[in-house]
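Two complexes are shown next, each including subunit A; its partner changes from subunit B in the first to subunit C in the second.
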Partner chain A sequence: MPANGQKIFRALLRKEWQEQRWRFFLGATVLSGLLAGLLRAQIIPNGEAALLIYGPVGLVMTIFLAMGSVASERADHTWEFLTVQPVSRARLLGTKWAMGLALLAGIIAIATTAGMVAMASRGFRRLPEFEYEEIRYRSNFFHLLTGAHPIQTIGVFALVATISLACWYTPLFFLLTRAKHEFTAALGGIFLTIALLVWLIQLSAGASTDFAGTVSFYHAALSCSGLLNPLSPAVLGFSENFAPFLPVLLLAQVGLWIVLPVWLVGRNSGRLIQKWMQT
Partner chain B sequence: MSNSNADIRIEGLRKSFGGRDVLRDVNLEVPAGSIFGFLGLNGAGKTTLIRILLGLLQPDAGRCLMAGIDPLTQPIEARRRIGYMAENQVMYGWMRVNELIEWVALFYPAWDATLAEDLLQRMRLDPSQKVGALSKGQTSRLALLLALSHRPKLVILDDPTLGLDPIARRDLLRDMIGHLQDQGITVFFSSHLLYEIEPICDRVAILHEGRILRCAPVDELRENIKRLVFQSSQYIDTSKLPGLLDIQSYDGQLAVTVEDVDATRRALGPIHPLREVDLNLDEIFEAYVTGRREAPHAG
Partner chain C sequence: MNNLSRKEYRDAREVLIGGIAIFWVVPIVLELLFIAIGRERETFPFVWAFLALVGWLYAVVSGAHTVCRDWGKPEEHFLLAMPVSARHVVWAKLKAGAVILFVVLLLAAAWDFTMDRSDMFRGTLWHATDMLAMVRWAILWGWIFAVGYVIGFTTAIVTRQMLASTLVGCLTLLVWLVAPLISSRLQFLHPKWWSTVESVKSSTDSSWLGFGWPFVVLTVLGLVTCVGTTLIGCTRERVIRLGHKQLAWAAALIVLMLLGLALGEVGNSLVVRDQKEIFHNENFWYPRVLVANQGDQFYAVSARPISTPSVSPRHGRVPTIWRLQLASFRLDDRGRIQDLRQADLPNKLNEYGRIVGLAIDENAELVLTMSHTTKRKDSDNDWDTGLLRLRLSWPSHGPLQVISRTTVEPPPDRLPVAPVNVYNDWEGKVSRYAYLQERVSGDVHDVLPKERKLYVFDWSDGPTPQPRYEIQLPPRTYAQIYRGELHFELSNASSNGLRSWTLGRPLDPDHPELLLDKRNWAHDPDALPPTELFLDNPDERSATRRGDLWCVSQPSGLRIIRHSRPHEWELVGEYRASPLALWFRRYGDHQPRFLDDSFVLENGLSQLALYDTSDPAHPRRVGFFQTYDGEVYPTPHFLLLVEGNLLTVLDRPKN
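== the complex of A and B ==
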């Protein structure tokens, strides 16, 4: 990127931070409060607590960050002012996307740190693991963590959550750039996320068989397609068959859901984006 | 494309949204250094055309050149060379005036900070004030400052005085004309307030329902387009009048507005009107856009 290009990128990033920082502070407060509270109370195992907070609450944060940037500018009518500046649409969107991604990672990092501090405040007591814990985690990726230090457990959960949520944030961000109002964007984000979760559920136990217990091509195909789901690592981490491949799956998801969309947007900054956004 | 000295050239431009034709085969040339009035009712397609010129929209067909640059293939380079001010331009209200100026300056390699400072003083803007706290008139003047401070060769103004009160409109036009005079800048001024365009424009184009109805120098329009008033008792075969734009009947008189008064005189032969009325730009525009081409029925 030439020197002037870097200056423009920094100027755009600075503006995005000024406009988006309230989302960051709100998200960090909510996620940190919930995770730290649950981990300190220790009413459920650390892994379950992390999954509960990083999962549903993390998804809400992802929608919250993906929907806001372009839709709020469109609603405020500053989008017209921004787009007539001599900056490519790809760079404008890329900056907004990068800032949202950084905020998402930052929120999870702060919440994770708060969770670790909360656990430390209880003296890292070994959790009263439930009986079924041993069975469920016996032969999957996360079972490696059952004997690990709680800090390690939460750290790995946070890493998987960050990558998975980033994988969903990226396509969601580009899809929602078409929304002309934050309310529309929020509705779109919720519906798309529900569709994603319905699809993801097919990966769960029993998805590859029909109600009679026989494997059909349809169910097998549906189940396998779930590998493409950006949140699949969260489910497959608990599967005996897929758990060993979790790191590979995470890398593949990053390639499919982050690198590929960003590359496509960067490659075709003109017609494709303008056709999609029709502004 | 005939005129090699044109700053805007548009050839065969078409654009439709959802099957509705917004621009239909638009051809236009704006000579360098001219102040060009672009007239049309709301929804005529003015803003769509401007968005294509800025490289923000892709046309379905046709091509255009802006100061020698094709905005469809080089939109960023085109926007760097153009000063643009939109109707009701909304900027970042949380920024201060000087912050916004410094922020926008980063996008333009040719930004002239001295000129921006000079315009800031001439337009009586407080650099420490929040943009959101500016009045409509001040916001328009700030938008004008941002459109001019990179010394563009071509300025596009899209209904810049829309929503302003008469005092703010007068101030903005005064600031604008004060800067543009003798600078040799080409101005493409889109508006539906014709009385503000008339005193400053050299040429105008009338856009209606996506088509250019007429493009000519203002003086030529005033010279050629006249309203001829006849007694109703005089027999006028209006279907044979060349370039008929409007027919009105009132108080026993028939008033016809024609595009070419000389050709009409020749067509009329020995019949002479009671009087010939000069028209202002407002009346010319109205004749083109809402004119009735058929003779009113008796009774």
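== the complex of A and C ==
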């Protein structure tokens, strides 16, 4: 890195913020509006409202942030201008990735705060516990948080959702750097996310047993493969049996999906990135 | 036809070919396939489906394309350099696009109309659509297409962008279609006849062919505004460019706005002040909890079976053991639950079932009334249901004590009896008399072809009172106590097996001597509003009154009816639930009741709602809360919602 590396890095960050801030404000408005509205309305339990918003809408936000940063530069042909600056491609990508990650975390933090304020403005309500199993399932979807204060429920959800979405954002961001237009990047993001969700379904397939009630090797393999899915903490973490292992799983996911890709990009900078991006 | 128009028609060939392919060729091929297969007119009209699903999009795209194919491009300057004004050019475009749209969609609709009406295509399964309905739908869709086309056209003139114009047109039509489905306040955006529920008003309103003047005026105003904007905007050089950021913001804000409308319609709006479990180890769903209060001191009681009935070879059915739990608490000024105490009744009660009433008498004693079931001696499978009354004392620093117990049982060797209290109702004040009536099977409402007897007991006649009055009811008549009033209902079974009920004038149950005069329990034609004033099926429990105002509350909404003179009923106002809200409303007893001169409380199976009826012509919903089969107890400042053992204190809206 040249002597004025830090200065360049800060300049790059500032540039990224100026280009991407509209995504941040739009994402924060949408996510906050949806979450706060649903939590304030109290028509479904808080846990389900959080899952509904942090899940599908959170994934859309992840795609939205991952797709635009590099693809728009390439479409406008400013990427070539950036690469002739005295800074490596890995550094460029790292800056863009870091800004996107910060925006994602910021969006979820703002939405969570808005949700908590909305809940407090209506008063905290707990739904009655149901006697019958199927109704209890509807009411208390997440056993870990049964009886917990609604603020705690939302706080835990937000934390797990942020880490899980960040785990998906990182590989998605680096994969989508290959796209030359935002439209292509958006399509790629959607298809990859659908593939991720199909992979996630293996978790439930793996959890099933055969007719004799035993877990086969095939099911065990499916479960283990599902555990590697970046979104698995958001699904498994709230089951009674798996809750104690949630911190371990989160740490493992961060290592696998955030630290490792960033390290690989930093280490193989230059020709490999150039080859991947076909520039 | 001038040269400008000729040019526009020539340029519009793509739109025309596309429209013909979508709306003519595809449906014709599909329809012909159907006819070739079975010569049966299809039950799914393809042309209508195509028109409804993609016609509006075609109209918007057509409007935008008519402008953007040369406007906003170098050809614009070429056109404006011609010796004609910009308005002439735009007007020619507007007319040419409209004609193309009209030809494509009208001929498609005419084709379907022909098939609908022609005997050649009509099979045994198909019945021609009602002409009035068809005309209404045709006008509505034609109107939607016209509005979509003009919006697309206008936006294209202002922005010169195809994508932006299409998106703005689609979003506008989306709001126009969806917003009235979500919000009851915006239902005027839909034609009046397009109502999910026929009402007296909507079915008889024939103004503007049933469309209603708000719909017609608003859409015409919108159309005129768009055309005006087009003609003014085309002469200005300034263009409003909408980038992807602005479009994304517009789409996001519209989604949020629709969500806000939806949540305003079905989301909770009453503030939760406090929430507590008032009983230990109670599972929700089974027990019924009743609440009574004296000032800010509240008592709640729950009865729950702790053993289930089974069959014993020696004694037949083993009695169910019930446990009574009581709770006492205070509400402070902020609605917080304070000083919560819980107690079990000292002894367990055999075969006592439902709690019928909980009240506090003048000596500050709790008076608990329960139904009391005993097996009949003459039959192993039949039983009598009497009433049990317990007087309880629960001082603030002492234990719960039973002061007295009174059992009302049927006279021996008579037909089986049951209380007249309605199942989901309760006595909120200490009644002096108890009422039992003869029944045939388990249901007291079963139509007895014979006369039946009504027994009246005085609770103050010692621990086992005998009947004070025995009143012979005429055939097919039964009594019931609901909301503290004694009603008599006459079952009218028609030849096709349908039953209807006619009501007598409600009586005060504390004056049983009135029953001795038969005129007092005769049928009263004014006991309930006429059937046609109900939104859904008439039910006496969906109506309540205060003075000359009646309130009818049903799944479809709420109506205020004035009954100022005998046999004269006047519909004053109504609140109609939106189609979205109907998804959240469960059919059943909505139990409306006037809380005071202004508010009506409605406690349905899945929600409670408060309506402000201070202006009876325009009742409006001022509070809403999703519930799970909860009971609601209003206090002057709060609403107590009891769902199982969970007590929730809600704010009561103020005047």
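Here is the rule we use: the second predicted complex is superposed on the first by the 240 of 279 C-alpha atoms of A that agree within 3 Å, B and C clash if a C-alpha of one lies under 4 Å from a C-alpha of the other, contacts with A are read in each partner's own complex, and residues count from 1 in each chain.
As a convention for this text, a residue touches a chain if its C-beta (ideal position, glycine included) is under 8 Å from a C-beta of that chain, and two chains touch if they have at least 3 such contacts.
Being a predicted model, the structure only gives us computed values, none of them experimental.
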Please work out whether A:29 is in contact with subunit B alone, subunit C alone, both, or neither, and reply first, second, both or neither. second
According to the stated criteria, A:88 is in contact with first (subunit B), second (subunit C), both, or neither; which is it? first
In the overlay, answer first, second, both or neither for which of subunit B and subunit C A:4 touches. first
For A:40, select first, second, both or neither according to whether it touches subunit B, subunit C, the two together, or no partner. second
Both partners, subunit B and subunit C, contact subunit A at residues none
So in the complex, which bits of subunit A are touching subunit C? 22, 26, 29-30, 33-34, 37-38, 40-43, 121-132, 135
Spell out the part of subunit A that touches subunit B in their complex, as residue ranges. 4, 7-8, 11, 15, 18-19, 76-78, 80-81, 83-88, 270-271, 274-275, 278-279
Under the definition above, what is the set of subunit C residues touching subunit A in their complex? 245, 248-249, 252-253, 255-256, 259-260, 263, 266-268, 271-275, 283-286, 584, 626, 628, 643-646, 648
Can you name the residues of subunit B that touch subunit A in the complex? 17, 51, 54, 56-58, 75-77, 79-80, 84, 86, 88-92, 94, 103-104, 106-109
